[in-house]
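The structure appears below as C-alpha cells.
Labels A, B, C, D, E and F are assigned to the chains in the order they are written; within every chain, residues are numbered from 1.
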Amino acid sequence: MRPADQLRDVQIETGYLQSNPASVLYRCGQTIVLCTASIEAKVPPWLEGKGKGWVTAEYNMLPGSTSPRKRRDRDGKVDGRTTEIQRLIGRSLRSVVDLKALGENMITVDCDVLQADGGTRTASITGGFIALAKAIEIAVPGYRFSDGAAGGPLTDSVAAISVGLIDGEVKLDLDYPLDVAADVDMNVVMTGKGRFVEIQGTGEEATFDDNELSELLRLAKQGIVDLTAQQHAALTD
Amino acid sequence: MRPADQLRDVQIETGYLQSNPASVLYRCGQTIVLCTASIEAKVPPWLEGKGKGWVTAEYNMLPGSTSPRKRRDRDGKVDGRTTEIQRLIGRSLRSVVDLKALGENMITVDCDVLQADGGTRTASITGGFIALAKAIEIAVPGYRFSDGAAGGPLTDSVAAISVGLIDGEVKLDLDYPLDVAADVDMNVVMTGKGRFVEIQGTGEEATFDDNELSELLRLAKQGIVDLTAQQHAALTD
Amino acid sequence: MRPADQLRDVQIETGYLQSNPASVLYRCGQTIVLCTASIEAKVPPWLEGKGKGWVTAEYNMLPGSTSPRKRRDRDGKVDGRTTEIQRLIGRSLRSVVDLKALGENMITVDCDVLQADGGTRTASITGGFIALAKAIEIAVPGYRFSDGAAGGPLTDSVAAISVGLIDGEVKLDLDYPLDVAADVDMNVVMTGKGRFVEIQGTGEEATFDDNELSELLRLAKQGIVDLTAQQHAALTD
Amino acid sequence: MRPADQLRDVQIETGYLQSNPASVLYRCGQTIVLCTASIEAKVPPWLEGKGKGWVTAEYNMLPGSTSPRKRRDRDGKVDGRTTEIQRLIGRSLRSVVDLKALGENMITVDCDVLQADGGTRTASITGGFIALAKAIEIAVPGYRFSDGAAGGPLTDSVAAISVGLIDGEVKLDLDYPLDVAADVDMNVVMTGKGRFVEIQGTGEEATFDDNELSELLRLAKQGIVDLTAQQHAALTD
Amino acid sequence: MRPADQLRDVQIETGYLQSNPASVLYRCGQTIVLCTASIEAKVPPWLEGKGKGWVTAEYNMLPGSTSPRKRRDRDGKVDGRTTEIQRLIGRSLRSVVDLKALGENMITVDCDVLQADGGTRTASITGGFIALAKAIEIAVPGYRFSDGAAGGPLTDSVAAISVGLIDGEVKLDLDYPLDVAADVDMNVVMTGKGRFVEIQGTGEEATFDDNELSELLRLAKQGIVDLTAQQHAALTD
Amino acid sequence: MRPADQLRDVQIETGYLQSNPASVLYRCGQTIVLCTASIEAKVPPWLEGKGKGWVTAEYNMLPGSTSPRKRRDRDGKVDGRTTEIQRLIGRSLRSVVDLKALGENMITVDCDVLQADGGTRTASITGGFIALAKAIEIAVPGYRFSDGAAGGPLTDSVAAISVGLIDGEVKLDLDYPLDVAADVDMNVVMTGKGRFVEIQGTGEEATFDDNELSELLRLAKQGIVDLTAQQHAALTD
C-alpha cells in the first residue's frame, strides 16, 4: 500500500500525436489524460485590440474512462463539475503566462481523460502545462522554457495535486477509492517557485480546523515540488 | 473610507414575502439578495429510498442588478460562474444539515440577486442559511434553531465572507471596486462553531505565499464571527 | 371583502435600487414586481440605420414567488405564457413612445415578479411604464414626463388592469383566487388619455356575449383612470 | 378590389390525406393551411386520472410559405409569435369541446401553413375545427356533428376572423398587404351560436377608441356567421 | 398487386404555390412531398468570395404525414435520420449543378412530406430537382433546362429510386409495407445521362452478395430512366 | 509512396485501458481511434420486454485530433457528419450480432478519434468490432469468438474500408490527402465471410459509371480480407 505522503507513479509522453508536437499523454497511476495545446492567431472578442493573448482550457472525460460508462455531454448542458474543472485549469495555466508577451494569440489546452482513477483535474493542470510550454516553444522561434527564463511568455511552471483528510489522517494524491473515502478534499495549485495559485478545500458534509489545514497544505507543497521536477525533466528531454 | 478589517453594514429582513415565511431579504452594503427556501416532500432520483433528505441551491442575478444590464440565462446555457456559485452555496448549506434527520424531503434555497456590488455568493450563503433555518423551523413542529441544539436537522450555523489581497494589503468583505482591484480573491465558508467548510483562494494572473494566506484566513475568521452573531439575532427575533 | 369594482391597494417605490434610479418596486395587493429600465446606445439588427429606437420587455417570475416553488426557465425553453406576457408588455410600452424621438437607443424593461398573487402582467405594464419614464427622464437632459408634453419621446402614459366574469358577475383587478374562479378573463391596456392599446379577452372553456363584454370594458376603464393617477403622482414626486 | 366587408374566397377540402380522414386543406384567398387532427388514447401528465380529455394545437409555417423563405424553428427556440398562435388555436378549439365527454383521449390539431397571405391563425382555427370535428366523428361511432347536438363531445362550432383599422376605416379579413397597412389589428373567435371565445385587439404603435372597437366587432361577427355556414356545409357533405 | 419491376404512379404539379413558381407537389403513390426552391443572393460564410454558389436542402415530415402522428423536431435536436436525408438530397442536387455558373447565390430546396408511404427521400430528390430547375430558369433570364444544354448552371438532371431485397427477391420502388419487409434496402441516385451519383445499400441485420447487388442496381437504373422522362416532361410543359 | 491497392499499416492494441478489457487502441497509419465497449443490463425503451439486446455506437473526434483544432460538440447540436457516422457504425456492428442471443443487454461501442488522418469511420468499425467481441467474451462465460462459432451472440466478424476514384484511378484506404483529392468516395462494410453489409458510394460534385463501380468494389473486398485476418489475430492472442 502506498504511504500517505507518496505520489502515484507519473509517466509523461510528450509529442504523443505526430500531428501536434504540443501533445502530452500524462499518466498518474491509472489516471490517463491526453493534453493537447492548439494555437490560433486570434483572441476572444472581449480581448480584441488590447495587444494581449489568452489561454483557455477544455476538460472532458471520455465515456469509456469510467465504469459504468459516462454519458457524453452532448445535450447542450455541460455539467457543473466539468465547467468548474475547466475554469480551474484555465486560471491555473494563465497564472504563469505573460499574456502581453503572448501577443494576440489564443492557446486552447484540451484535457481529455482516457482513464479516470481520481485526480483528473490536477493531472490536467500538471500535464496541460507541459503541452502549453511545448506549444509556446513551437510558436516562439528560439524560445525554450526554463525555470527563471527572463522575458518569455512563461513566467514560471505550474502544477497541481490533491490532498485529503480520511478518518483524521492526511493523504497525498487521492486515487478514486481514497477520494470517495475522504471527508475533506483539497486541490492545491502552485508554481515551480513555490507560490500558491489556487487552494480549493471542500468539506462535503464535513468540516476541518486550522491544524488539519496546515497539514494538508504541507503535504501538498511536498507533492508539487516532486511534480515540478518531473515537468522540467519532460521539457528538457 | 471603510477600514480594511471592517464588514459592510448588514441588514436582514426575515419573512420578506407574505406567501413564504422562509424568505429573507439580505443586504450587505449595496448588495441585495432575496433568499427563499422551499420544501418539497421528495428527493432527487439518486437519493430515493435512502431515508435521507437533500438541500440544494440556485443562484441568479437579475438583469437589473448590474449596470450595464446583465443578460438573462435563457438560452439553456447557465454560465460557468453561476454553476460554480450555486454548487458552492449548496455544499455550504449541506455542511450544517443532518440529512438523515431531514427525512426524505428536499429544500431548495433560491438566491436571487436584486442588486450586485460584490460578495453576492457569500451573501447568498449567509442569507441563505437564515432562510433554510426558517424553513426547517416551519417544517419541524416545535423545532427552533439554536446553537448547539441536539438531535435536530441543523447541526450548526454557516456563514461566508470574502477576503482579498490588494497591492500587498489584506482586506475584508470586498465590494465590487475592491474585487476588481484584488490580485488574490478568497472566499471562506465557516460554521458558527469556527470550523472551515470551504476555502476557495484564487490568484487570477497572480500568486500568493504562506504569510499572505495566514493573514487572509485570520481576517476571514473575524468576519465570520461577526456575521454569525447577526444570523443568530435574526433567527431569535 | 373587496367590492367588485375596487382596485387592490397599490404602492409604488421609485428608485428602489441605488445603482439604477429607473427601478420601481410595484406592489398591488400581495403581488410584487421589480421593474427596472436599462438603456443601451444600440438597436436590434433589423432596426439599424433607421434613426429609430426600440423598447422591449422581459418578464420573469422568481422561483420563490409562488407556492409551490416555480422552476426556473433555464433549459432554453422559455414557456409560452412568459413569451406572450413579455411581448404584451413590450407592445404596450411602445404604444406611448415616439421611437423616432428616442434616437437609436434601446430600452429594456425587466419585470421580475418577487411575489405573485394574480395580475402580474398588468402590474408589469403599469409599473414598467414608470421605470421607462424615469429612464427617459435620465437619458434626455431637462426632459420631464407630464401628461400632454409636446415633442418628447413619451406621447402618453400607459397602464393595464384585469377584469373577469365570475358566476355571471364582473369583477375588477383579479387576485389569484379570483383569477382561478373566473370563467372569462380580460386584460385591458389603455393610455392616460383613455384610448385602447390592447384588449385580450379569453374564455377558456367558456364564452361571453355583448352585454358582458360592455360591462367588462366599463369596469376596466374605471380602474385604468385610477392607476393613471397613481402613476402620475409617482412620477411627480 | 374586394369590398371592406367581404370575406376572401374560402375553399375547404376534407379528407385531403388518404391516410387520415381528419385532414383538411383550407384555402382562404391565397392562404393555404393543412389541418390534421390526430387522436391518442392518453392525456398530458397533469390531467391523468381525471376522466377528462384534452385538445391541443401546433402551428407551423413551412419555409416555402413566404417570400423570402422563412427559416425553420429547429434550434429549439420556437419563436414567440408561433407560441402565441398555437396557444390561441388550442384555447379556441377547447371552448367548444366537452372534455369530459371526450374521455381520457388527447387530440392534437396540426396546422401547417403551406402558403401565407395573412390570416393564417384565423384560418387555422376555422379549418382546425373541421379537422377536429372529423376526428371526433371517427372516434365516436355513430356520432355526427350538428349544431345543437346534445350530449356529444362538441357543444358548438368555432370560427375566427381578423378585422383591422386602416386609415380610420374598418376592414374585414386582412390579407398580408392589408395586415401590414393596419394601425389596429383584431382577431375575433366566436362560436356558431354567436358567443365570443376570444378577442385580441392590438394597436402596435397606435390606439383605438370605443366607436372603432364597436365597428370592428360588428364586422367580425358578420364574417363569423359566413364562415360558420361554410364549416357546416363542409361537415355535412 | 404491383409487379416487382414497376414504379408507383407519379404525379407532378409544378407551380403549386402561387407565391413561388419554383414549387412542386410531387406524388408517388400515396407519398406526397411539397418541394420549393428559394434563391438568396448570398452564400454560406465558408464560400464567400470564391465566385461560386451553393445548393442545399432541408427535409421534414409533417406531424400528420404518418399515423401515429410524428412529433415535430422542435427541441433543437433534429433526428439523425432527418439529418442524413437532407444531406443526401443536397449532395444529389449539387451533383448536376455547375456552382461557378450559379454565381454567388444560394438555393435552398425545402422538401416537406405531407403524406409518407415510403420512398420520401427519393421522392424529395426527384421532385426537388424539378423545383431547383424551375428556380434556376426564373433566376437566369432566357435559360431553359434541357438535357445537354451547354454552359448553363445545370449540367444534367438527377433522380432517385429505392430498391430492396425481400425474401430473396428484388423489388423496385418500396412503399412503406415493402420497406418494412425488406432485408436489404438500397437508394440509388443517378443522372439523366445514366451515371451514378450515390449508392446507399444497407442490410440492417442482414447482408447481401455480388449477384444480389447486380440485380438491385439493374432494377434501379430502369426506374431512374422512367423517372427522368417524367421530370423532363414536367419541365417542358 | 504506397501502392494503390495496399492498406496502410494497422496496429491493434487490445486491453488498452486497465479498467476495461474491452478497450482497443486501433491505429491505421496516422489515424488513431480508441474503441471501448460497455455493457449495461438494460435495453432502449422501445425494445423492452422483447427478449432481445441492442448494440449502438457513438463516434467523436477529439479537439486535438485535427489541425486546426476541431470545436467540441457541446452546444446540443451534434453535427450531421457525426450523426451519420455513428449510425453507420451501429448498423454495421449489429449486422453480425444475434440480438436474441445477447439477451436484454445493451452494448455501447464508443469510438473516440485521438488523431485523424482519413478513414476514421472505417477504422471505428474495424476496431469497434474487436472491442465488441471482447465485451461479449467477458459477458458470456466460456464464450470465445471464432469464425463460424455456432450459437453464440456473434454470427460473423465485420470490417470496413474506404476506396476512392482519383483522376480516374481507383485507390484503396484513403488517408486525408487522398480523401480530399477523391472525386468519388466509397465506404464498404463486409463480413468476414465476404458478404456486403453496407455500401456507401458518393460522388460529391462528380459521378461514376458501372466499370468504375466494379473496380472500387473489387479493391474494397481485397482490403476487407486483409483486415479480417488482422482482427482474428488480435482476438486470438
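Here, a contact is a pair of C-beta atoms (placed from the backbone, for glycine too) under 8 Å apart; a residue touches a chain by one contact, two chains touch by 3 or more.
Keep in mind that what you see is a predicted model, and the values were worked out from it rather than measured.
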{"item": "Separation of mean Cα positions, chain C and chain B [Å, integer]", "value": "34"}
{"item": "Centre distance in Å when chain C and chain F are each reduced to the mean of their C-alpha atoms", "value": "60"}
{"item": "Residues of chain A touching at least two other chains", "value": "75-77"}
{"item": "Chain contact graph, described as a line, ring, star, complete graph or other shape", "value": "ring"}
{"item": "Ring order of chains, beginning at chain D and proceeding to chain E", "value": "D, E, F, A, B, C"}
{"item": "Complex interface listing, chain F residues touching chain E", "value": "76-77, 80, 83-84, 86-87, 91, 94-95, 99, 186, 191, 194-209, 213, 217"}
{"item": "Chain D residues touching chain E - in the complex, by the definition given at the top", "value": "17-20, 23, 30, 32, 34, 36, 38, 40, 58, 60, 62-69, 72-78, 108, 110, 112, 114-115, 117"}
